[in-house]
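Please read the structure below before turning to the comments.
Lettered A, B, C and D in written order, each chain numbered from 1.
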Amino acid sequence: MDVPIAYYLVLSAILFSIGVAAFLIKRNIITVFMSIELMLNAVNLTFVAFAHEWHRVSGQIFVFFVMVVAAAEAAVGLAIIIAIFRARNTLNVDQVDLMKL
Amino acid sequence: MHSQNYFWNYLPLMMQIIVAVGLGCSMVTMSWLIGRHRKSSVKLAAYECGVPAEGDARGRFSVRFYMVAMLFILFDVEAVFMLPWAVIYRRLPAITGSRMFGFWEMLVYLGFVLVGFFYIWKKGILDWAQDKGDL
Amino acid sequence: MTANFQLLRILPEVILTIAGVLIMLIEPLLGHSTSRKPLGWFAVLSVFASLAASFAQLGMAAGTAYYGVIQTDAFSVFFHVLIALIVLVSLLVTIDTANANTESLGELFALMVFGAVGMMLMTSATELLLVFIGLEISSISTYIMAGFRRKNVKSTESSLKYFLLGSFATAFFLYGIALIFGATGTTDINAIASQLGTSAVPMFATIGLGMILIGLGFKVSAAPFHVWTPDAYEGAPSPVVGLMSTAPKAAAFAVLLRIVYVAFPALHAHWQPLLWLMAAFSMTIGNLGALRQQNVKRMLAYSSIAHAGYLLVAFTALSTDGIAAASFYAMSYAAMNVGIFAVVSHASGYDERLSLISDYRGLAYRSPLLGGALGFFLISLIGIPFTGGFFGKFYVFASALHSGMVWLTIIGLVNSGIAAFYYLRLLASAYSKPTNNALLDPMPRASFALLLALVITISGTLILGIVPGQILAMSHNAAVSLTSGIANPAPSATHQ
Amino acid sequence: MTSTHSLHLWLLPLVPFAGFLVNALLGRRFPRALVTAVALIATLIPFLQVLGIASQFSSLSLPHLEQFGTWIAAGSFHADFTFALDQLTLVMLLVVTGVGFLIHLYSAGYMAHEDGYWRFFAYLNLFMFFMLTLVLAENYLLMFVGWEGVGLASYLLIGFYYTRDSAANAGKKAFVVNRVGDFGFLLAMFLFIAHFGTLSFSSIFSQITAHPELHGGFLTAIALCLVLGATGKSAQIPLYTWLPDAMEGPTPVSALIHAATMVTAGVYMVARTHVLFDRSPLALSTVAIIGTATAFFAATVALVQTDIKRVLAYSTISQLGYMFLACGVAAYSSGVFHLVTHAFFKALLFLAAGSVIHALSGEQDMRVMGGLRKKIPVTFWTMTMAVFAISGLPPLAGFVSKDEILYHAFTAPGPGKLLWFVGLFTAFLTSFYMFRLWYLTFFGENRAEKAAAHAHTPASSHHAEVDEHHHAIHESPWIMLGPLAILAVLSVIGGWMGWPEGLGGGNWFGHFLAPALASQHVAEAGSNSLEVTLALISTLVALAGWFLAHLFYFAKPELPEKLSVSLRAFYNLLLNKYWIDELYGAVVIAPVLFLSRFVLKGLIDTGVINGGSYAAAYTTQGMGAIVQRLQSGNIRSYAGWLALGAAGLLLLTYFGFGAHLSLR
């Protein structure tokens, strides 16, 4: 008995949308960043689901790479966030708006 | 597959969830209903292993913790590539047409990881005692 | 195909990777007071070697390597050469601009080299996974480079914005790949088209293509995904802006060309109108936005949005000429834009002393060399004949009109008329007598690195304008090799 | 190549370019004499070469093509570095190099005391390079190179006095207005490529000729685009506004670029493309109407201008209008003839005006001139020749060429008579304002000394050369007067080469150009008596203008004042040039700037906030939470933009476009 693929897809679409919404709503940079991770993992779910559907392992390999890339992004992102915090003493995205227009 | 069947499959799981949630909720409710409520400052204080709480739970950590955490994530995740490699290691000679190619391939990969390790080491990130205020 | 022969197909990338690793290894071993500039020269040499390796690939028959994930052909070589040249000049400008005591300068060189690896991979990859990895390698290096002056509030802010929004867009790009994988069961660009066939197109493929357009639209800063550009460019160090406004864009355009023309020619009725809109919006918003800017880098940022729009015009032509025009435009834009950022970098220095247009008043008197070069690049950006800027636009619009894109051509021409306005403002400012005595000091002497950078960019712009035959032939070959699809789709066995 | 031997046409533009390079790179360190020598030699050599070409012209097989290699080859389309020489080119070459050399000579005297002497001559040589490229080009692309290049040189030279904001702005205006014209030119080129697959004159024209059934349609579209380009370069309605402002440049520049050569490029281009225009009656009528309207309109504005150079600027616009009129009635050779004579007398007018300005140490306001006849006699006499010529008094050059245009207009089918009448009235106006200039400058009492005694007015002293002390009025040096004299002779006798047959001449000029400009249009055959009558009428009209000017500005100088009071509204309308500049400012510039503000502020600031995260914040956090100052530069609002764009794009992908809805 299999779970229909549509369920996975809908779930990942919902997760992705939650990620997008959280990106737009959240003020803390870390949380914003977490919402990006959520989006990436939603995509991972899609990949795995499709890999299963097509019986192709390449989708799963894709997930490995996405995970590694996400980790690298996390490292760089946190480094940037630390730099921002040191320069401004805030992690509120709404206050990082020196440059405009 | 039929969706009706499909849902029936999960009925036991559903029941378990209901039982678990019901049990938890009922325990909290029961104790609230049965227990006596005496509000004193001692009762309301945070309980920390019998010692009075000190400071703010959200205190700032040294940035070093983040550094090490980030590096850990990186080196940890890099290991993920060894998994698929290990799975097909025995078939690699057939695929690549060379007996040891798969082996050397992984060594090159690990070499790159080591370079990264060497870099952070020489940069003094792992040196906990050294004060690098500008990190 | 032997492994060694396959290695030749990624030789440029291999050379740069090794060079970058070496730089990383040497950097921490150097003392605090040791100059990092020799590392920069080493990077320059390695990029040059990789340039040579790219040219050498022209001698090989076009083909794929590593189970069809890499394809070297005239198209990939064209963009390899372009990226190598951009990185070469950016390295030279960095060497010129950075102070001797700039800390961790070696990291910047290594990042530029690694970024180049990522961009080159993007242009030769025929597997979406590799495209994604290349994109991330180049993006992550650029995020770091943008925030390289980490004590500077604007630089970190630029980095943060670029990073957050870039990752946001990347997620869309990735989702697009996932959906296409779902629709076709493959992520091989060459195989997608045959999988799609002529039958009814699955919804996933359409939506997936849309998502990919979003992700790449962000990378090339096409409207409406351009919002990050002005902020990211304003804060990032000028030599880095020269790089990130050209090389990653060129790579992303190459990917876009490959995806829409190789993988999705069947869906052109879907993507062509979208690119039409993106082109029109980019040109208009970019030019209108630039009109009122006081900050030079912001102005150039808006101008780069507009130029992305001109380039997208060529995409809508749906012809080999259009692809050739797009490639040619990428090169001519790179020549003049990297050049103008070389001037801006040197004039404003590592600590960005000059930022407003009014700060450039009298530049031509403080340094006739810089003033002349600035004027030259501005003339090219305006699109006066005998410069690359003119011919780039000429080919783009000629190919678009040839395909019947009358309105887009008109919008583009009107926009390129408006553009003269703001470029002339900078030009007039540079050639006015300075009012402020503080601005009268002569510029620091141009170093050999800067002179070399200016020679490359100016001669490049001139060659593209006066005798573009050779390069046009190259771009035409690139276009032909892209559309003819010499490489057979990789055997499906490799996917199991 | 059709000719057995090469004429080395490539030398023509490259010699001035070499001059430009030498002066631009080394001129700063050169003594002035050396700069002058380089610049003059770099112009003299092409002139001598053109004379040499002219001397062996009859032995050439025309058109004489010289190809110097393939320029670009993109797929099926290719363009070459090819120069072509035919009758029309030769005429243009003679004008450009001849008048160009004289003006270089004049500049050596005029600019002698200016800063940036080397820069001036470098730019001037650069201009010659591009102008010669424009004239020699055998395809539209190469022509466009010259076309843009002369615009660039013009921009640099108008803004020569860069310390003056007005000069810098005038340069920018000229450039930007010309961009509008370039838009038309570029579009025309793309259409040529799309329809003919080439930009070469010979192959486009032979394709058109080979298809007699081609008429109107896309040919009209191309022709109208070219007309737009021509109106920009030749300062015609609606793109003429830059030329009066261009007078901010040094006077020799006004003479060379903004009177004799560059502004005639539009006329040259139309004449060059006559094969196309012949097939499009609509485009031809457009040209004729634009020309006539511009001629009349500019002449009316010239009536009330007080700045001597501005009068000449509007007069130039008006005369260019005549040339357009000629092209519009398919009398291309008459247009080119007027172009030539106009180059003589208008260059002379400008140079003489420059001499006057020079004599008065920078004064350009005619109201404070007067009585200069005796003080600067050479300038006076040469300028008199030019004034007589442009006013159309026989037998001077201007009379012949203008009369020929009016004759062709009269005999043209359709509204020809109306065009003729407006042209005739414009001739009257021309005569009036030119004699007004003549009287105000040279006759009456000397108002300059009176004004100088009154107060030193810095506002009116535009010329950068103004010294602290007021010079005594002096005649210019011979290096300036020499070119004046030569041009004066040409203005007087220049007409004989095109003396119409109807008046007993041979119209050698028209016959010479006939092979190059053979028109398929057959005008109504006019009779000799008609031509004589028309010539008589225009002579009378010119005399009437003179008489009226005499009355107003010599006999009864108080009359103009009275008239301007009684016709206040009309006078103001003219004085303010019909408020066209203001109109353009309100209709074109202001909206663009508004849009720019809208893009920067409106969209980023409020649009997204309202659309994206605002709504999200509203729904998730309730009313209280949205009281937050939201501003641009905000990452979340940027992300909102991205998300909105993404949503829009995905919706369009999915629902919007099928194969049927294409945005072509």
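Here is the rule we use: a residue touches a chain if its C-beta (ideal position, glycine included) is under 8 Å from a C-beta of that chain, and two chains touch if they have at least 3 such contacts.
Because the structure is a prediction, the values reported are computed rather than measured.
By the document's definition of touch, common neighbours of chain C and chain D comprise A. The greatest number of inter-chain C-beta pairs in contact is found between C-D. Here the spacing of chain B and chain C, counted between their Cα centres, is 38 Å.
The geometric centre of chain B is 75 Å away from that of chain D, both derived from CA atoms. Distance between chain centres (mean CA atoms), chain A to chain B: 16 Å.
Mean C-alpha positions place chain A and chain D at a centre distance of 60 Å. The set of chain C residues that touch two or more partner chains comprises 160-161, 164, 168, 231. Residues of chain A in contact with at least two other chains: 20, 23, 32, 61, 72, 79, 93, 96-101.
Counting partner chains per residue, chain B shows two or more touched chains at no residue at all. Chains that are in contact with each other form these pairs: A-B, A-C, A-D, B-C, C-D.
Listed in rising order, the residues of chain D touching chain A in the complex are 600-601, 604, 612-613, 616-617, 620-621, 628, 630-636, 639-640, 643. Touching chain C in their complex are the following residues of chain A: 9, 16, 19-20, 23, 29, 32-33, 36, 39-40, 42-43, 46-47, 49-51, 53-54, 56-59, 61-62, 65-66, 69, 72-73, 76-77, 79-81, 83-84, 86-88, 93, 96-101. The residues of chain B lying in touch with chain C in their complex are 96, 98, 101, 112, 115, 118-119, 122-123. Interface residues of chain C facing chain D in the complex, by the touch rule stated above, are 160-161, 164-165, 168-169, 172, 203, 206-207, 209-211, 213-214, 217-218, 223-225, 227-228, 231, 269-274, 276-277, 285, 288-289, 291-292, 320-321, 324-325, 379, 384-386, 390-391, 394-395, 397-398, 401-402, 404-410, 413-414, 416-418, 420-421, 424, 428, 431-433, 467-469, 472-473, 476.
Touching chain C in their complex are the following residues of chain D: 70-75, 77, 141, 144-145, 148-149, 152, 159, 162-163, 168, 171-172, 175-176, 179-180, 182-183, 186-187, 189-191, 193-194, 592-593, 595-600, 603-604, 633, 635, 638-639, 641-642, 644-646, 648-650, 652-654, 656-659, 661-664.
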